[in-house]
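Both of the next two complexes hold chain A, though its partner changes from chain B to chain C.
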Partner chain A sequence: MNLLLLTPEWVVLGVLALLTFFELFQFKDEAFYKKVRNLLQLGGLLAAFAALLCIEPKAGTAFGGTYISDPFAAFFKFIFLLAAGAVIQMSREFFDQRLERSHEFFLVLWVVLAGFFLLVSANDFLVLFLALETVTLGFYILNAYLKNDPVVIEAGMKYFILGSLASAVLIFGISLIYAAAGSTLFPDVRASFVNDPQNPLLVTGALMVLAGLFFKAGVFPFQLWIPDVYEGAPTPAAAFLSVASKAAGFAAILRVLYTVFLPLEDKRALLFGTLALLTLLYGALGALRQTQIKRLFGYSSISHAGYLLIGVAAGREVGVAAILFYLSAYALTTLTIFLVIAIAGRELGSDRIDAYRGLGRRSPFLAGIFFLALLSSAGVPPLAGFTGKFLVLLAAVRQGLTPLALVGSLAVAISLYYYLAIVRVMYFAPPSREEPITLCPASKGMLLALAAALVAAGFFQGPLLGAAEHAAQYLF
Partner chain B sequence: MIVLLPWIPLAGALLLLLIPANHERALKNFALAATAVPCALTLALCALFKPSLAGFQFVVTHAWLPSLGIHYRLGLDGINLTLCLLHALVSLASVFTACWAKERLKEYLFYFLLLTGALYGVFTSLDLFFLYLFCEMTLIPVFPMIGVWGSKNKEYGAMKMALFITAGAMLALFGILFFYREAGLNSFDLITLAEGLHARGGLAPETQRLIAPLIILGFGVMAALWPLHSWAPIGCSVSPTTLNMMHAGVMEKVGPYLILRVAVAFMPEGVTAAGPWLSVLAGIGILYAGFAAIRQKDLLFMTGFASVSHAGYLMLGLAAMTTLSLSGAVLLMFAHGLMAACAFAGIGFLYERTHIRTLNDFGGLAKQLPFLSICLIMTFMAAIGLPGFANFVSELLVFIGSWNRFPAVVVMAVIGVLVSSIYFLRAIKEVCFGQPNPRWAALKDAAGFVERFPFILLLAALLVFGIWPNGLLRLIEPAVGGLLSFPEARTALSAAPFERKAALPFPEARTALSAAPFERKAALR
Partner chain C sequence: MIPASHYLILSALLFCIGLLGILIRRNILSLLLSIELMLNAANLNLVAGAAMHGQLDGQLMAFFVMVIAAAEVTIGLAIAVLLFRRGGSLDTHDIQQLKG
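Moving on, here comes the complex of A and B:
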């Protein structure tokens, strides 16, 4: 058994243990505690990053084949680390003036991060389920963290009820698969499925497992919770949900689709093409009339899931590489957006789109970065989001899914409308108050780095695409 | 050298951010340098360009995303060299008008340089991916430029413009991806595609007929093709002066250019099949926009509709698919770009000082503002197609080149010229002559180098190439001939019965025009 393969997971768990340990001391000096906590988290992220870099090229399994480490999983772990880093900074911006204590939020964040790490490395349905439950349980807490606010509680309850339902569907699907295959290990299930592709238990089980994962990824018709939860949840939790949960959902979907449910291959384009169309249009059309900014990004994330599904429908190495690129671009874009929302929400005192009036005048820097991120989200070149959309549409056209690509192309124009509506409020309308907004250096630096990454991934796509193509190979 | 063209303004835009906002002089000088250097480079490239050689010159290739067949390849032939020259002149003139802007100068110049760089990118790239990338990238500076510095109703105008152009561009992108797959060469590179398809005898005609309309309609939105034009006049009326100059001068030429590069070059059969309805749209556009321009009281709206009307001539030239009409269309892009930029500079000059742009609020400016009035009169005369300006030659080429295929539309277009003389002459009468309005007694004429240079530059170029159109035509014609020598094009055209008759008079017409343009014009006078 190769326990060294799990080094990134060990690092994350170690940070978690240390954070809990420091919690025991009940420091009188809150500022000192926060400093230690921040340094510890930063060190943990860097250590996990370094560990990932060392582990990345190796592929292997551990724990009797239930855990798999390969570049495909590592690619997602990099995304999770990026998301965790940005979300930690976001949480500082979000909670520091709102709450006296936010320690547990960070603890749970690391639990969820460990869950995500395990989720993309699962090579067994039970590990998959356990990892997914770790993540979901963590999000129950994160989403309802501001427990005095009824909107937040509503969001937490919605996520809890629908999340439990999805888990129930998932575990029932797994039990059907176990009943038919006699094992929960991915390779064993694959063997039985390939031998008996028409087995109703296996087919039903596979569809139920996919349905459970669709909930995480926000795929139609399992997307209803997203706008409500994004609106109510604390901004950092919504950001983590939006980036990491979607990435993890798609990682698991791709993993089971290509390593286990091979007999579904000939139905894949039809199934995922239909879902892509519905998800895309639901998200794009639903976003048109939103007035709450986080709700708007809830719908926008659904429409992004639609593009990712186009990639799944296209399939093969091209489609998977396109999905991986799209997800990285989406992570960069969405984290930038939510970091701006966290800061602006605090400064403007509201998450309504109207509240962003004249932001371009009050803080040209913040508005400029937001503008860039919105355009990237819409898919305007030369930003990361454009390359992602381009690759997905290219993969679809290459695989002969032309109608899907046509709808995907035209939906860009629809989505541009609601993104530009925000820009219009920021730049065209006069501000309600004049005093400029000042940013803390850490946030400023992080925003600059994210914006630079957006432009870099949009113009110099080579390295990221190369990494995505490399990671995608390991699925086949 | 060619690589520097887009990257000097783009790098300049980033470096400009480092200059503090209150150093206005430094900002202006820096922006001027970042625009003037690529302009000088373009002139140098024009001098080094060898018209006798076929194909692209100064070709530079960098592997970009080899797995997808995307290369950053740059190169120039007569067509995009002409457009580079147009962009170089218009951007140089525009940067002077950008310096007129008083408020938030730094951001304004930043967006301006971004736009300039992106447009150089469009005109130098020879890879479909980069052509699209730079083309759509122009949206980034345009939206905030209208938002912050635009005039009334800007929210509506900016949004309409952005959505129309993006919807069109996405349709065209879909067409490009479709083309990529059908070509089956795993390449977005125009030269590789041309060679590969050449060897195969071109795309299948059915495929061409499927893809060409996507490209034409998609980029037709950018070219303000009727009935997809409605964003253009409102866009013109809300934009600040500099953006208007760049927009009507250069950006509206991107659409026809890309249609020429992609649809005409690779889907000649498809364009020929689409020709009749395209020419009808062009004809309707010319007349519709012309009559609409007559009804306008607002100078910017009037010029905006005039641009739409002129875009119809361009589309007519493209639809006819003859060497003569295509050369005329390219020359018209050049001439109309200079003319439109000059017109918007003049109207912007007046608007920024008076905050009025309705026709009948001015009057008798010829006495008070002699320089500006002369410039406006010359510009509008050029727009009407007065001999001596490049517009005349190019419109004539388009009409002659299209006559054999679409005589009815050419008649409509000629009527359109008459209509344009109505509203332009009326504008001259209302603004420059008549009773002086005492409200503007304190108004000062353009004085000094900074205020006069844009007009002098643009009008001089219009006159030079009006008198010596061969200077450009000798570059354009071989390139257009190269496009049409595509195997499929030749068979498609010679198969069409009307073309066989038409094939004869062309050589004479061409030599007559390009050898002795001046005499011919003199005779017409």
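Moving on, here comes the complex of A and C:
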């Protein structure tokens, strides 16, 4: 057994233990406590990053084959770390000037991060389920964190009901697979499935497992919760949900699709192509008449899931590499957008799109970064979002799915409409107040770094694309 | 001896009753009960599967699922209490501030 393969997980759990330990002291001095907490979290993120860099090239399994570490999992862990870093900064902005205690929010954030790490490394259905539940139970708490705000509680309740329904479907699917195959290890289940591809228990089980994962990823028939939850949930929780939960959902879908459910391969293009079409159109059309900015980005994230599904439908190494690139670009873009929303939400006192009137005059920096991120999200060249969309659509055309690629291009045009509507409000509507907005240096630095990464990944796709292609190979 | 396939049929029925409960019941506590029913249907499958294959793995997994179910319902009830304190109702039709 090779426990060293889990070093990134140990680091995350260690930070969690230390954070919990510091909680015991109940420092009288809140400022001192926050300083310790911030340093600990920053150190933890850097240590986990270093551990990932060391572990990344190695591929191996631990715990009797139930845990697998390979570059594919490591690629996603880098995305989760990036998301966690940005979300921690976002939470600091979000809880600043609020009366609520934020201590537990950060603790649960690290629990969820550990769950994500395990989820992408699962090589056994039971581990997959337990990791997914660690994540989901954490999100139940994060989404309902502001206990005095009825809207937040409502969003938390909606996420809870639909999330536990998805978990129930997932575990029922797993139980069917176990009853048919007699094992939950991915290689064993694959062997049974390949031997008997028509086994009704295995086929039903596989579809139910996929349905449970579709909920996480926000894919068409299971996307209904997204707009409500994004609108109601605290902004950092919504951002984490939007980036990390979607990435983890797709990581798990790809892993089970290519290492376990091989007999589904000949139906893959049809199944995922149809879902891609419906998800894309639902997201793009739903976003058109939104007045609330977080709700708008809920619909926008549904339409992003549609593009990722086009990548799944295209499939093979090309499709998977395109998905990995798209997810990295999506993570950078969405984290930038939500960081701006967290700051603007506090300064403007509202998350309505109207409230962004004159932001371009009150804070040219914030508005400029937001503009850049919106363009990347829509897929305007030469930003990272464009390259991601281009790769996904190219993969679809290469695999003979041209109609799907056409609908994908059409959705870009629709999305430009609703993104540019925000830009119009920011720059051309008269401001309701004039005083400028000042940013704290940490947020300013993070926004600049994220924006620079957006531009850099658009101009020099080579390194990121190379990493994505390298990671994708390990799935086959 | 009851053949193992009968257990699978029973658990499928239990699962469907739970799913139906989620779709038609309006009280949040009933929804929690329905979810519990679906999770227990999965447990029945796991235990039946363990008996079919002559292993203990499935029974072990059922314990994991029970622990998860307990944790889930704990959080769910906490959110339900908060919701009741705010709105004075646990009817899902009264929860509709977020829409559009």
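Just so it is clear, the second predicted complex is superposed on the first by the 475 of 476 C-alpha atoms of A that agree within 3 Å, B and C clash if a C-alpha of one lies under 4 Å from a C-alpha of the other, contacts with A are read in each partner's own complex, and residues count from 1 in each chain.
In this text, contacts are C-beta pairs under 8 Å (C-beta built on N, C-alpha and C of every residue); 3 or more make two chains touch, one makes a residue touch a chain.
On a predicted model such as this, the values are computed, not experimentally measured, just so you know.
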{"item": "Touched partner set for A:Leu375, first chain B, second chain C, both or neither", "value": "first"}
{"item": "Contacts of A:Leu393 with chain B and chain C, given as first, second, both or neither", "value": "first"}
{"item": "Touching partner for A:Ser175 - first (chain B), second (chain C), both, neither", "value": "second"}
{"item": "Chain B versus chain C as contact partner of A:Phe193, first or second or both or neither", "value": "neither"}
{"item": "Touching partner for A:Thr402 - first (chain B), second (chain C), both, neither", "value": "first"}
{"item": "Chain B versus chain C as contact partner of A:Arg424, first or second or both or neither", "value": "first"}
{"item": "Partner chain(s) touched by A:Glu469 [first = chain B, second = chain C, both, neither]", "value": "first"}
{"item": "Which superposed partner A:Phe338 touches (first chain B, second chain C, both, neither)", "value": "neither"}
{"item": "Which superposed partner A:Ile141 touches (first chain B, second chain C, both, neither)", "value": "second"}
{"item": "Touch count on chain A, higher of chain B and chain C", "value": "C"}
{"item": "Set intersection of chain A contacts, chain C complex versus chain B complex", "value": "none"}
{"item": "List of chain B residues in touch with chain A within their complex", "value": "64-65, 67-68, 107, 129, 132-134, 136-137, 139-140, 143-144, 147-148, 154-155, 158-159, 162-163, 166-167, 170-171, 173-174, 177-178, 180-181"}
{"item": "In the complex with chain A, residue positions of chain C that touch it", "value": "4, 8, 11, 15, 18, 22, 28, 31, 35, 38-39, 41-43, 45-46, 48-49, 52-53, 55, 57-58, 61, 64-65, 68, 71-72, 75-76, 79-80, 82-83, 86-87, 95, 97-100"}
{"item": "Residues of chain A that touch chain B when the two form their complex", "value": "360, 364, 371, 375, 380-382, 386, 390-391, 393-394, 397-398, 402, 405-406, 409-410, 412-413, 416-417, 420-421, 423-424, 427-428, 461-462, 465, 469"}
{"item": "Chain A residues touching chain C - in the complex, by the definition given at the top", "value": "126, 129-130, 133, 137, 140-141, 144, 147, 150-151, 153-158, 160-161, 164-165, 167-169, 171-172, 174-176, 178-180, 182-184, 201, 227-228, 231-232, 289-292, 295"}
